[in-house]
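In the two complexes that follow, chain A is the common piece, with chain B as its partner first and chain C second.
Up next is the complex of A and B:
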């Protein structure tokens, strides 16, 4: 039985009267690739924000390897190895591709104190082997010295995932990694994700299910802040509550039609 | 041992700074000493503000507060306690650093617009403290006069305007080398990163607060250093240095020169001090010229004088260099 890496217990987050996440319990195991789906406003991103420390839950708790991290800041969670990407691609557009990677590398591998930030120059780390490897893997070598503001959305997405991978996280949370990408760019990102299966613990929020279902080991469906189904892909897709809420199929009418002679 | 590449690297790093300061030294040959001294001090005053706005994204209308802290700390020492201007300057530096460390943890948590306003409020508070509340020790509007208290110093006697110029020149050189080094560091990259995407920086594990606080302390300690230099150069300090009407001065200088550029504060200081000097002699109300000029600069792309010239100069210099290299290759 693999280790429980990240565990949310009865987590609730309210915005005024609206419970964006309502009494959700969820466990992510080591080396598992799991997915969360749900219609807009289902609470997926809020749940992500709770797991990564952008929000603090109103009630409930979050544990990482048995340690309570409910009140930990995002930086403290990053120190544990919990990292994320954002729904809207999040990079440093005023820096070059290589300096984005240097920043990701430096914090993860040098455990940098403020003094270290002053004593090290970007130039010293630009030719680091690990960074060179990531540039190659993510097909960013030709874009190395280009300012990120001049990249396409797909290139930025690859860079964002490359930055997170460079930090060698224990848990990687990907918030809609395929959103807004062209088909060729989607295939490039999928190829990267495929390589991580079995080596990395990954939680993906994604609408483009057909693209990610091949390597999802477990799927969770959220609706109106609650988990309504959990299990294998087929199991979830055939769940009556999912068919009703997510696919908006009139399950009762369908059952009545099937029952009719 | 072949030292060629090392020297070339060192030259490549220094040449811009050396060229800028050689031009300032050249200005000393043709322009009056007070004018050049004022440019040097004003550039040091403005570079902290330029760093905060250009690299961290914080606009500050309260720089005169930190200028005054440095100037008054130096003045208090030279008026009440001692006579060595170098020690006075060290007091000014320490006071500027302490003041930034005191208010910084509160201010750097704010959004840029509120940051601008609280700094403006601080400048007004410091002005009234120096003018009224602390009048028994600051001598109110009359200010502190200590020109005759200062004793001559060995090697470089900064009580003499000519030698003060050399000292300010060397200080400026060190300050610019320091800010150029900062640009190259991981810290410099973090400053640019926190300006544009603080969430991402946080999720890489960096502390936005610590980076901003460090930038704030560095910038305002530099501003306090400029205040100390003013105090020693003039031999007097009055509340006028932090008057509410002066709060926008460094912002105007860096907008003129080019926000966030290394040489913008120098170019801006030359332009600002020059215009003030020349235009006020010609038409009196020099603000009537500088106001519309700023509007034009903002409308023309917010790059300022140096921000506009820099790409053009690089293009000319590097294209020439590349052409020369191509010619050499062809000759081979």
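Up next is the complex of A and C:
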């Protein structure tokens, strides 16, 4: 049995009267590629924000490799190796592609003193091997010196994933990585993800299930802040609760129709 | 009008603009990155002026006074960031405005306690005149302009060349995403705040020999510094430079034409610019959020 890497136990997060995430327990194992789906407002992004430290849960706990990280800041969680991408890309428009990568690389590989804060120039890192490799892998070499504001959404998404990879995360949380992309761009992102299967622990929130189901080892369905089904793709899709709340199929009427002579 | 008078007015405007620039740049950076209106920058300006006064009086060296002012400004701003701002970054913009105004007023009280209410003169470190295009120009004013120019270049290099500078620029776009990369945002905030406080203290120390140092000096320049930030566009360094230049010249040349203009003209210019471009000259990107 592989190691439990990230574990949420009975986690709840409320916004006023609304429980956006309600008593959710979830475990992500090493090298697993798992998915979460759910309709809008199901609590997927809030759950992501709880895992990455943007929100602190009202109750429950989050552990990374057995260490309690419930109160850790996002920065401390990144230091553990928990990284994420955002629904809207988190690249920096006013910087060039290479400088976005330098920022991602720098944090992951340096512990800097106050003096170095002022002495470390981007130029020193631009020709780094690791960055060159990522530019190549993610097909970003020609865009190297472009300002990110001039990139297409697909290019930005590739850059964003490249940035998280540079930091060599232990757990990668992808929030709708295919949202808003054209088919060719989707294929480019999928090709990158396919290469990570078996090497990287990935948790992915995605609506375009047909694209990602090939490499999902486990699927979890959320509805109104709770987990309503968990298991293989087919198993989840046929779960009555999922059919009712996610596909909005009238399961009772269906059963009645089947029972009728 | 006499061209020589006009030229010395221009230099006078440049030196005033330089002081405004040094103060406004801190306010502008603090807003851009941390989304706080840090009125207490005006306190560090006063503290800088008073330290320059006391140290130069005690040692006879204005240079030492300047260094001490910058160091004390840095330490005081660091302490206030840790004690006050750390707790209010998450709050509304208005909250930081009110709190920092409180810090400013409290600080003025402390200044009154130590130095009293009487305005103090700081002698010019050197009274040499330089012949520039046939006009005698006070060398000290040129020094002030040179320091501001050096600070602009330094800040530009810092923001555009160093990793920390790029992280600050990235943070101005989205603090959340910078945090997502694992960058220590709290430290980035502290660094920015202390840079701002240090520059405000430098402005105060440089300004001291040109005016009388008094406890309310920060409040007196408040309107002008705000004007510089608003005209330039919050969060923009280039905008701050351009607008400090404009405000400095309008104050200086305006007073040559008709003395009361010095007080009114900058406000008129600000209103005109805001009518045409409500986000200020270079501030559009930030106000989208």
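Please note the rule applied: the second predicted complex is superposed on the first by the 257 of 261 C-alpha atoms of A that agree within 3 Å, B and C clash if a C-alpha of one lies under 4 Å from a C-alpha of the other, contacts with A are read in each partner's own complex, and residues count from 1 in each chain.
In this text, contacts are C-beta pairs under 8 Å (C-beta built on N, C-alpha and C of every residue); 3 or more make two chains touch, one makes a residue touch a chain.
None of these values were measured; they are calculated from a predicted model.
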item: Fit or clash - chain C, chain B, common chain A; value: clash
item: Which of chain B and chain C A:104 touches, first, second, both or neither; value: both
item: Partner chain in contact with A:94 - chain B first, chain C second, else both or neither; value: both
item: Contacts of A:84 with chain B and chain C, given as first, second, both or neither; value: both
item: Of the stretches 6-14, 204-212 or 312-320 belonging to chain B, the one that collides with chain C; value: 204-212
item: Where chain A meets both chain C and chain B, residue numbers; value: 52, 54, 73-75, 78-79, 83-84, 86, 90-95, 99, 102-104, 106-108, 114, 117-123, 125, 163, 167
item: Parts of chain B lying in touch with chain A, wherever the complex brings them together; value: 181-182, 184-190, 192-193, 195-197, 199-207, 210-211, 214
item: Residues of chain A defined as touching chain C within the complex; value: 52, 54, 73-75, 78-79, 83-84, 86, 90-95, 99-100, 102-104, 106-108, 114, 117-123, 125, 163, 167
item: Touching residues on chain A, where the partner in the complex is chain B; value: 52, 54, 73-75, 78-79, 83-84, 86, 90-95, 99, 102-104, 106-108, 112, 114, 116-123, 125, 163, 167
item: Chain A contact footprint on chain C (complex, rising order); value: 158, 161-164, 166-167, 169-170, 172-174, 176-185, 191, 285
